[in-house]
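You will see two complexes here that share subunit A, one where it goes with subunit B and one where it goes with subunit C.
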Partner chain A sequence: MLAFIGRRIAISFLILFGSSFLVYNMEAIAGDPLASLAESSARNKAYLISRLTAQLQLDVPPPARYFIWLKGVLGVFVGDLDFGKTRQGGAVLELIGSAVPVTLRLVTAATVLAIILGISIGVLSAIRQYSRLDYSMTFVSFLFFSLPVFWIAVLLKQYFAIGFNDFLADGQVTTPFMIVIPLALGLIIAGFIGGERKRFWISYGSAAVGLFALINLLNLMNWFQNPGLGIVLVFLFSAGAGIVVAGLTMGFDHKIARNAALSVAALGAVLYVPFNMIPGHWLNLGLLALLGVIAVVVGVFTAGFWAKEDRSALRRIGGLTAFITGLFLIVDKLMQVWNPYVNSDAISGRPVPTISAANDLMDSHNYWWQLLDVLLHLLLPTLGIMLISFAGYVRYARSSLLEVMNMDYIRTARAKGLTERTVVVRHALRNAMIPLTTLIAFDLSGLIGGAFITESIYGWKGMGTIFLQAVSSQDLNLLMGVFFLTSFLAVMGNLLADLAYSALDPRIRMGK
Partner chain B sequence: MTDNNSPATNAAGTSIEMKETAGLSQGQLVRKRFFRHRAANISLAYLGLIILFVFTAGGIHLGNKDMPITVPGWWHLTINDMSEVAISHSDSGQLLIGAPTLDLNPFDGNGVSLGAHPFGQDTIGHDYFALVIRGAQQSIMVMLVVGLIGGLMGTIIGAISGYFRGATDSILMRFTDLIITIPTVIIGSVIGARLGNLGVFPLALFLGLFAWTGLARLVRGEFLTLREREFVDAARVAGASAGRIIFKHILPNAMGVIIVSVTLLLSGAILLETALSYVGFGVQSPDVSLGTLISQYQDSFQASPWLFWWPGFFIISIALSVNFIGDGLRDAFDPRQKRKLSRKDLVQAKQIEKN
Partner chain C sequence: MKATRVSRALALTAATALALTGLATVAIAPADAAAKSTLIIGDGLGWSSLNTANPDENSAVNADVAYLTSQGFWYYDSAPKLTRNTYFGTYDIVKGTKDFEVKYVVKAGQTWSDGTPIDAVDLLLSHVISSSGYSVKAGLGDPSSEAGSAFYSGGYGGSYDHSIVGNPTLSADHMSVTLHYSKFQPDWEVQGPGASPVHTLEAMADGKTALQSAAANKAYKAKFLADFTNAYKGDKAAQTRLAAIGKIWTNDYNFDSAAYDSAAKPLIAVSNGAYLLKSYNNSTQTVTLTQNPKYTSGHPLSKVNPVKTIVFKYVQDGTASVQALQNGDINLYQGAPGAAGYSTLQSLASNKSIGLLGGTSGTYEHIDLRTGNGPGTTDDYNGPFASSHGQKGKDLRLAFLLAFPRYATMTNQLKPFNSKATLLNSNFTLPGSVYYKSVTAKNGITTAQSVTIGGKKYSYNFNVTSDAQQTANEAIALKLVQKYYPTASATNTPVKINLLRSGRQMRVENNAVIVQHEANAGFEVSNATTANWSNRLSENQFDAEEFAWVLNSVTQDGSNANYLSDGANNHTGWYDTALDNILHKLENKATPAQIGTLMGQAENLITQNAWTLPIYQWPQVTAFSKGLVGVKATPISPTYAWNYWEWHF
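What follows is the complex of A and B.
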């Protein structure tokens, strides 16, 4: 195994060498960095040209210049990584170092959400093959698959951001929306519930009426301007989520699992008051993450306390429920600061921004304000990226699960009388996810360079923006820096995907 | 919902399939299954109509500046024609600049008509119909060229690699890995920024040269399994040359994988081209593409939304119908696929059982 990994890494480095050599020379031959200077009418033109030539070593022919560049990159082994200098004379490494966190912040949430949502919908679609839900999800995923990201970004800006801000100015859902929203959302809910025609119409009707009443109630309470969940709703939501988690893992009739989940949710509700007493300016991301980890550990132990058997499964339920409860607590807290945030001078009533990564005008040391600000800036780009990449996961998850569901061992599992839930969750899903892990590993590695259009639309100064700038200003070193990082990650992602595959599927042997 | 997995329907499905497939060749079976896929059929017809519409309306423009080869289309305006921007008022009294004159409502007394500028005019008076048609032509052209080159290269490299195995395979596959590590957007931008001004053909050509990798891997995998089959041994024993075995014996059996993955390549190509043009690294002005149109007029969304909707409509139409056709083909080529049994099938199955 080790020999195999070693060989793979060696080959990967050779491939990286080849592709960087290719791109370097292509770009060096095709793009002339002196072109913009040659056309300029500056009086010291000759001096400028000679200075840039010296700075970028343009007098060395491209293939040889590549090795100068490579020497800097190989410096990583002696602790002195050097990607060369940009045209302006800054270090490429520094520029990339400042851009990577921005891009990561942009794509992480979108990708995680796309994976979770895509796989769940794909699985549901496969379980109910040829149902209304399946057909509509197939259509929707094909539609999203065919959408250009820049096109959907403009639409999101127009209807989501500007429209939503206009709506907030008044804070009341108007009559046409009060009718259309329940009808549309009801259709989606009823589609997910499924069932025969009669049951479909009943669930559609009740969902629509319920939503209509809910919107009216929220309107009356002025909830949209002053949102919040409160201790009761936080408990109810997390209890509901806990029951679903317990039901999916151990079965809906498993009393102990349900009680364990409920106890964790109740504990979360008890902690509601102390959590809200933490002053906002004390917190930061690290502290919040630490609180999250503590919550999960507490959840694991609380659930484990219930166990007579299946301790590990119960602990899993407890941890997951604690995590979800924590999310609800955070959502509630964010909703509490919503109204003062929206009405502050920096925001002045238009909270959904269409550009940039953070609001510079806002100066608040309250962590919740900062978090809300960052999340709102993430909203539009995340939606755009998510809608498009989620479609692929739906298709893959669906076809992968369908393939597994036709296998003989599934028939065996059914024949020995297991419930459909056990067959799907325990037997089919685990095997269907194996090909998906390779896809995910590969996709994750492509993220850094993958969002450059989204970045340029929303004005984020990440890898994409740097790259576009490098191409248009013919900045070879900068371009190579971005290229090298992305293709390095792609190669590593590929290797990881292979290793994950062999670890998950014992039929696949690596090496030899 | 009918239960598709119950033994009775399974048996019925099998007996129908047996009856349906008796005495048909592989090609006939695939065709039959494809034409049963409703979404794919509609998409095929729709895509055909769009291509026909776009190329008859705009005419065909080939060649370069010095030696243009032009076949005029039925639409009288070109992308260079300018006229005064029409100013009108909407029903609610809002000022509209260069509003579309397309009238699809047959009941308002005027009937269905195109008018002077069906898709409206841009801010300086170009006919937007001509621009969008030209952009759609460019995008379709790029899509087809990339598909053709990528498809050919991927098939040939994959076939050689999978058939000959050994050192040839290692070298070709390492080369494929090398190209795969270069992210498509990056190579596309570099190519587009440097070659975009040469015109749309060289751009498409070079994009195609980097688009074959996924297909090559798939075809290789397919060849690796197919070459071990008995019919290949039989051909070899009968003295067939390597070329003959590859093209006459194995390739037809690998056609399904190739066609399906080429359709994916096509829809990917149109999205890539429009995206590159959008950020300014694709088709360069004065020529237009659907991507440049959107990037140019996205800021006038408030005042004249049609400048944004029409190019988007064409991109999505083309990409969506290509995707659906691909889905239909995948189903048609997959011998294991089970389809939903219609009521007619169940009646038919009962009759078979009775006889």
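What follows is the complex of A and C.
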């Protein structure tokens, strides 16, 4: 195994340096850093050209210049990594250092959400193979898969930013939308409920009517301008989520599991008041994360009290329910600051932005305002990336689970009388996830360099944007810095995927 | 059983009621909508520096921010016309055409934003960053050497550097400097000095970061004057000090990857502009400027709802900029948003949701024909256009220019962006300049010309306004070619032309149009779109070259480098002594009327020689939110920012 890893690492280094040599030379030959000076009508053009030539060492032929660059990179082994300077004179490493967190912020949420959502829908699709849900999910995922990201971005901005902000001006859902939204959403809800034709139409009808009533109610209460959940809805929502979690883990008829989940949700409702009393300017991301961890621990112990047997499963239910309850508490809190946030001078009534990663005019030390601001800026790019990448997960998860479900051991599991839930969740799903691991490992390694277009369209100054800037301004050092980092991560991701594969699947062993 | 059901129903009702009260959280009255005072400008490049004299930091957005944060003796208005800023000071020629002197007087009573009075000592740094002679003598290094000067400045090597004599003379009251030039400077106004807060540079060289007391600032300013004088005299301590200042000047005003907060480093932001740099967020690439309470160095800001805060927000993509403007994420946008973006802007403008100014930039496209080799090489060009072929070369050049699809290019490339786009008809000046009218009246591009072929006179006009006119020109062009290649036709194209063009998208899209129209006149154009085009402009394998010139100033003799026989930008071997004589006259003192006449004559000779034709100015639209008043565009940097004092909501 060690020999295998060593061999792989050696090959990875060869690939890295080979590819960087090729890219460096191709870009150096193709690019023309003096182009903008050539068009200049400056009187001291000759001087400016000589300065730039000296600064970028343009008098050294590209293959030789590569080794000057490589010398700086190899400095990593003597503790002096140097990716050179950008054309603006800053250190490339510093610029990349400031761009990586921006990119991570942009793509992490989107990727995690795409993985969770994609796999769940894929699994559901496989379990209900050839159902209405399966067909429509196949259609939807292929549709999004084939849409270009820049076009999705334009649509999202037009309807979810410009359109939604216009709507917020009076906050009243107009009649056409009041009819269309329940009809569309009802279809989705009914699709997920499934069942025979009659049941489908009943659930469709009641969902549509219920939604229609709800929208009217929200309109009447001016809810869209003054949103909020309140203690009761927070409890109801968390209780509902808890029941689902308990049901999926131990079965819907398992009373103890249900009660454990409900007790955790009730505890969340009790903590609603003290949670809301924490002053906003005390909080920060670390503190909130700490509160989250405490909540999960409390949830684990609360659920543990109910246990007579299956303690660990109950604890899992408790922890997960506590986490979801915490999310609802946060959502409620964000809804409470929504109205003052929207009406603040910096936002002036248009909360959903189309560009930038944060509003620099937002001059508030209230953590909830900052969080809301960051989330709103994340909203559209996250949706865009998610819609496109979740399609792949849906398809992979579906086919992988279908393959596993036809295996002999699944039939054995069914034959010995296990419930379908146990068969799917405990026996099939775990093995179906193995091929997905490689996909996820690839995707995670591609995170850093994976959102070039999205970043540029949403005006985020991440890796993609600085890469594009490097290309357009012929900034070879900067370009190579970004390229080297992304290719390094790709090669490493590949290696890790291979290792994870062999660890997860005992059938795969590294031969000599 | 029944009881349970009733209690369940009751519980449900209670829960619903409670839930509804939860939904209806206390409504908070919206904050009083104060008058808007923040202007958000979309920036497609990414701001990176306050110091635009650093050649690496000479971008358009850096120039805009620099203009808003610092003021000097003059600015360009929307014409563009050079206009004096008498709020800052006055200047005039003191004597002579031979030994040329200009005196710059700083208006008394102005202060930097830290309260330090502005005087003429603040003008001396300009000399340090523009005079190679000073740099060498003051031990800062030779700017043209490999190591360069301690001040990494884009100011060296120009007209100022070549003709300045000695150092500026500071008056006894320290309120004026006099510059001595060895000869008359046709564009002397443009090369005058700018003001820099030298006391802050001295303070930073001392390792200070906080604002200093009035007395300390006074001492620092005196120290700079002493350093400036003594370094030139060879004082080593002063030279080391000045070199340290050079390092700060070169590096500390650049914010490539570092955030900036004026509370932490206030010295960097000290300035005399209407606005001051407040902060720069490097992770969003957003710059925030706030009003300078001590601003007196330029036109006072609008009294009604002035712009108090200016934010530059990074948004690179054209469509994204248009949508950001529509959504109110930005209030002002300038650029070329593409055809789709432009049509969105037009529809928004037509229902009055935004203001839209269709405009042009200072960058213009032109086609050059080679007559010989570029500067510094022996002439061995023997292509179809070579001047060594005499009349044949000239006829073929004229034919090529006649068939060149200027009109089609303009309609295809520009009309989608700017419905009012027109052809550019001068190489020396842009529309709006005081000279443009008189130049185009004389330069032979907009007026009817004639050519005699086989004893018959044919009339043509380069200023094509219809496809029919273009077809007529192409017919004449074909006749010219048939003089030497009798069988030439649209299907038989005997004249092979190798055209060099840079790889810009707009030009690449236009390839086929050029090939097709030139074929009508018997030319076979092969397009050499090459990446390294800029250092191949002088290579004589290219018979024709299409690229752009970028104009940053309105000048009297700025075009000379392109057309003089020994001009540095004369890549295509043009040689005409009569033209040289006229161009040299432009280097002397002349009235505006004389300048217009000379430029017209020069361009006329160029047109007669059939060397080159201007094609169009690059499009640049300016769009702004409904509430913003006073935006006027100008093609020259700082473009839309020039009249910030007229902006208000």
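FYI, the second predicted complex is superposed on the first by the 509 of 512 C-alpha atoms of A that agree within 3 Å, B and C clash if a C-alpha of one lies under 4 Å from a C-alpha of the other, contacts with A are read in each partner's own complex, and residues count from 1 in each chain.
Following the convention adopted for this analysis, a residue touches a chain if its C-beta (ideal position, glycine included) is under 8 Å from a C-beta of that chain, and two chains touch if they have at least 3 such contacts.
All of these numbers come straight from a predicted model, not from anything done at the bench.
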{"item": "Room on subunit A for both subunit B and subunit C (clash or fit)", "value": "clash"}
{"item": "Of subunit B and subunit C, the chain that contacts the larger number of subunit A residues", "value": "C"}
{"item": "Touching partner for A:Ser312 - first (subunit B), second (subunit C), both, neither", "value": "neither"}
{"item": "Touching partner for A:Thr412 - first (subunit B), second (subunit C), both, neither", "value": "neither"}
{"item": "Which superposed partner A:Asn343 touches (first subunit B, second subunit C, both, neither)", "value": "second"}
{"item": "Touched partner set for A:Val471, first subunit B, second subunit C, both or neither", "value": "first"}
{"item": "First (subunit B), second (subunit C), both or neither touched by A:Gly31", "value": "both"}
{"item": "Partner chain in contact with A:Asn276 - subunit B first, subunit C second, else both or neither", "value": "neither"}
{"item": "Contacts of A:Asn216 with subunit B and subunit C, given as first, second, both or neither", "value": "neither"}
{"item": "Which of subunit B and subunit C A:Ser41 touches, first, second, both or neither", "value": "second"}
{"item": "Contacts of A:Gln158 with subunit B and subunit C, given as first, second, both or neither", "value": "both"}
{"item": "Doubly contacted subunit A residues - partners subunit C and subunit B", "value": "30-31, 150, 154, 158, 456, 468"}
{"item": "Subunit C residues within the subunit A interface of the complex", "value": "15, 18-25, 27-28, 30-31, 33-34, 36, 38, 46, 48-49, 54-57, 143-144, 146, 148, 152, 154-159, 161, 250-251, 254, 256-258, 279, 281-286, 288, 309, 311, 313-317, 319-320, 323-324, 326-330, 363, 502, 531-535, 537, 547-552, 558-559, 561-562, 568-569"}
{"item": "Of subunit A, residues touching subunit C in the complex", "value": "29-32, 34-48, 50-52, 54-55, 86-91, 94-95, 97-98, 101-102, 150, 153-154, 157-158, 161-162, 165, 217-218, 221-223, 225-234, 236, 335-336, 339-340, 343-346, 348, 350, 352-358, 360-361, 456-461, 465, 468-469"}
{"item": "Subunit B-touching residues of subunit A, taken from the complex the two chains share", "value": "11, 14-16, 18-19, 22-23, 26-27, 30-31, 128-131, 138-139, 142-143, 145-151, 154, 158, 194-196, 406, 446, 449-450, 452-453, 456, 467-468, 471-472, 479, 482-483, 486-487, 490-491, 494"}
{"item": "Touching residues on subunit B, where the partner in the complex is subunit A", "value": "1, 4, 39, 174, 177-183, 185-187, 189-190, 193-195, 267, 271, 274-275, 278-281, 291, 294-295, 298, 301-302, 308, 312, 315-316, 319-320, 323-324, 327, 336, 338, 340"}
